[in-house]
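I'd like to ask you about the structure that follows.
Going in written order, the chains are labelled A, B, C and D, and every chain counts its residues from 1.
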Amino acid sequence: MELTGPIELTDHRYGKAENRIVRIWRQTARHEIRDVNVSTVLRGDFADAYVAGDQRKVLPTDTQKQTAYAYAKQPGLQAIEDYALALAGHFVDDVEPVTSARVEVDEYAWQRVSVDGREHEHTWVRQGSEVRTAAVTVAGTGAERQAWVIGGMKDLTILKSTGSEFADFLSDEFTVLAPTHDRMLATSLAVQWRFAGTTDIAWDEVYAGVRARLVETFATHHSKALQQTLFEMGKAALTAYPVLAEIRLAAPNKHHFDYDLGRFGLENNGEVYYAADRPYGLIHATVQRADAPEAGPAWLP
Amino acid sequence: MELTGPIELTDHRYGKAENRIVRIWRQTARHEIRDVNVSTVLRGDFADAYVAGDQRKVLPTDTQKQTAYAYAKQPGLQAIEDYALALAGHFVDDVEPVTSARVEVDEYAWQRVSVDGREHEHTWVRQGSEVRTAAVTVAGTGAERQAWVIGGMKDLTILKSTGSEFADFLSDEFTVLAPTHDRMLATSLAVQWRFAGTTDIAWDEVYAGVRARLVETFATHHSKALQQTLFEMGKAALTAYPVLAEIRLAAPNKHHFDYDLGRFGLENNGEVYYAADRPYGLIHATVQRADAPEAGPAWLP
Amino acid sequence: MELTGPIELTDHRYGKAENRIVRIWRQTARHEIRDVNVSTVLRGDFADAYVAGDQRKVLPTDTQKQTAYAYAKQPGLQAIEDYALALAGHFVDDVEPVTSARVEVDEYAWQRVSVDGREHEHTWVRQGSEVRTAAVTVAGTGAERQAWVIGGMKDLTILKSTGSEFADFLSDEFTVLAPTHDRMLATSLAVQWRFAGTTDIAWDEVYAGVRARLVETFATHHSKALQQTLFEMGKAALTAYPVLAEIRLAAPNKHHFDYDLGRFGLENNGEVYYAADRPYGLIHATVQRADAPEAGPAWLP
Amino acid sequence: MELTGPIELTDHRYGKAENRIVRIWRQTARHEIRDVNVSTVLRGDFADAYVAGDQRKVLPTDTQKQTAYAYAKQPGLQAIEDYALALAGHFVDDVEPVTSARVEVDEYAWQRVSVDGREHEHTWVRQGSEVRTAAVTVAGTGAERQAWVIGGMKDLTILKSTGSEFADFLSDEFTVLAPTHDRMLATSLAVQWRFAGTTDIAWDEVYAGVRARLVETFATHHSKALQQTLFEMGKAALTAYPVLAEIRLAAPNKHHFDYDLGRFGLENNGEVYYAADRPYGLIHATVQRADAPEAGPAWLP
């Protein structure tokens, strides 16, 4: 099939990715830290830059960077959802050609170090591999103004050494996998939750609470498959937090294979595993409230 | 806003990611190599696995892996678009609960080594950092059967030391960037092109041709902004290949800053640069034929 | 200068790198986990394999892998120093051509998850980015038998938001850095400590104790330079643990630059930083007891 | 064994790592590019900084960075060995407390793009994954002045689909590997060669020539083991270049396993492979001229 129609610019967007910002709050001797990676994306009336090389409506990505740093000072950087709402709102409100702005933030956690059993006032170590995330979209001005907030986490690596099985599955001519009723289950979770609204939300509290529900459910739910575990995790989070409309979970099945030690006259009853890199199963689930408001552009990158 | 509706599973999918397959064709003394990374994703009637832990309709991800390797032998692995069409078609046709399948392939290029000025028959070195990609979706059976093919490339790092400017842009109170009429322009391209059809296409030829058009346009087009360069590159590719419906380009602006050597009494006329890692501008463009067929699920991950 | 002498094989060694082993101890309902990455290296009478292609004295790297897994079962994998001593000892004692063996182990820490305020019996999350390390060398048999043990850690990322300065340094014509009396100090520590002996040592306890001393000293010592901080950290560790002969510290200075917000009418008193990737300062220090025994091949890779 | 001796600073060094410098030569319309990553390390009279926090003899790592960029302009950055010799020489000659300096350089290769069959004057794409390296040490001043130059390459990924075997190896109770007389052999080479002298050497020519010898030998030599192949490669390089004193090769055996397709009724005669990530064999060889001058500190990091 050959096409002959005119060639046109359709979707386009641009921004500044991976602004690494550290914010220290030092009003008292006990400092606080927020360590983030911020990316901004603008949509709007920028076609002339693409089609004609005319930058008159293009706010430089360098300016977006400066603004991201300035907003870390004022209004300031506390909960990343609030920061992202303020920054995205600024681009839409104050920069004429911008019709919508998306701000994505990764936050790295730090833990205060302990000295003589007491928390130190200005020293921390990086905590865990997990990263808290936010993705905020603001579109329209005045009465048309709308906003969407997605919270989340990624790279939470979690493992259980029993309480997981995988059996009674569909077989075809390429199926050689043996069913198992006791296996190790490990994954590195990437989860995002969409809030029903954008105001009066205790962002940090919801983050901590959802994380706790996810982890507890993974631990205590007897798993017949990673699919089931993910669904139960999502359900537990939504049940606990009615401010959430939807939760999306992506989980690689980080395979741990029982190592064959029988060849050497050794028993291996779930004791020695080979932790494989690739390939890995990859399971996705979306769990949603039936009365969730429309997602609109919330999931658009 | 608090929600009270029932909690439901909505979108879900699963598959096996990153099957690393190398295929050698050795009918003659002159061997051929294809080196790929294959990921499969199935959509269909799998809700019971999530909601009830019932695997009776679930084809294991291990089986998907076995099939990916078996299909590399037969029908075989030549152009990755053909291989992905065959593999995705198999899942939809032969596995009852599957309603649609997506197969994504990354291909790593190898270059024959030269011995005494002649190409060696069975030895290669990895060529470049760029990766060829394909993403194929097959849905429906019988008369409902449809397929979509996206070709592409990523990690093509390209740089020009002149012929690029960025000036006359929008300014606000956070704008401190100086306009420039001669700068280095460097990026690492990720490009995907959607084919209008799925049959009678010389996949390898289109790949080589699109790559050549992209590179030539980047080199010869005087750039007023990376946005403009991307649009021209996309337009050149679509113009040359009427079998393409749409092309999507994503390009980080890999900033190279003139190093301030004036402090040391040295002139620096575009000679010494600091190559920065982060942050970076990130520009997206979609260029499309007006008579392109609907994309359907082609871009769904 | 042109050389004419005969061409000879001199140093050579070989092994199996990155065996990913997970060991679960499940004698009781409360499981224990050890998660490691093991590399083995053999030295010995292997010249014929290199020079003549004769493998008769070469124990395959595959066999080294099998042995690493088998030894995780029995004698078992608890403290990585003990495991490495046993495995290296086996190669030297039981494989004739081996004259010395080195086993290097990285250990990833896991933290039990908490459910209803109580530690779960068989579920963990990956803890921190830091990695515990061991490098053990065993050489000789019978009366000639010797062993060396190095413990350590890497990727411990630590940051203090005040209590660090850098001033009064040497200047030359390329020096433009401004002195500072209050800066952020951040690093990602790689530390290795050599034990004076190899027996009667509480490996896990020393690891925890050295880590605590390093962290406490980083936090509480007022730093005039990262060099000074490293020396004090090393001294604190050796002082606390007379079983240590020597400690080597390598620390990238992960620069955090005060962001210039004055351009936007905002004060920035150590509140908003740009966390840079590259380049970075890189500081090394070795701190040693004057009566330390000879290191021998302990540091040889 | 417990030690009681005084605790002392022994070895120490510091520098600036990973200065990313791009140098464009633009005297004519046909530009030339050199793209490097430079690390500097100084040794000398710096104990006071560690022990007493006294920086008076410490040249800041920031100054080392400035100097690395300034030297890219003048004397200039052509062959990386020459650049490193000049930069290291400067630190030793011009900065009083420095007794020796080491400069390590990684160079990334770029290939001119082709437009209408002709090389473009100012546009390139990144070529291959391989990296050229240099490590230069300069020590002493005046009559004591000495220098050592090591050239090299890393990340050269090379594969042959036949012409390799591994059999007749040593067996013990953990040996389960089957011998093979036709296997795929793949590796990612890291090679360093030490020059006998430092003057009158055509650095770029030696680099290209050694690379060609290594690649040709890998291709044409029938391999009884990776050990043998490495030795032959090293010998070929030294034979061709009498200016070399020594060559060190490190090669991971990137295992490609024949995929078991017999389960599915398919033959697999070296056609379909699983390319494994970890673990991998890791083979080291040093090949040397018998009349090589002493290495001195050449290999010291």
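Everything below uses one rule, namely that a residue touches a chain if its C-beta (ideal position, glycine included) is under 8 Å from a C-beta of that chain, and two chains touch if they have at least 3 such contacts.
Composition by chain, UniProt nomenclature: A, B, C, D = Uricase.
All of these numbers come straight from a predicted model, not from anything done at the bench.
Contact with both chain B (Uricase) and chain C (Uricase) is made by A, D. Each chain's centre was taken as the mean of its CA atoms, and the one lying most distant from chain B (Uricase) is C.
Between A-D and C-D, more contacting C-beta pairs join the chains of C-D.
Once the centre of each chain is set as its mean CA position, chain C (Uricase) and chain D (Uricase) turn out to be 23 Å apart. A straight line joining the Cα centres of chain B (Uricase) and chain D (Uricase) is 31 Å long.
Spacing of chain A (Uricase) relative to chain D (Uricase), judged by their CA centroids, is 38 angstrom. Contact of a single residue of chain B (Uricase) with at least two other chains is seen at positions 20, 66, 70, 174, 176, 263-264, 277-278. On chain D (Uricase), the positions that touch chain C (Uricase) within their shared complex are 1-20, 39, 41, 46, 49-63, 65-67, 70, 94-95, 97, 166-172, 174-177, 196-197, 223-225, 227-228, 230-231, 234-235, 238-239, 242-246, 252-253, 278-293. Residues 20-26, 31, 33, 35, 66, 69-70, 72-74, 110, 113, 115-116, 120, 122-130, 156-163, 184, 215-216, 218-220, 256, 259, 261, 263-264, 266-277 of chain C (Uricase) touch chain A (Uricase) in their complex.
For chain C (Uricase) in complex with chain B (Uricase), the touching residues are 173-174, 176, 263-264, 277-278.
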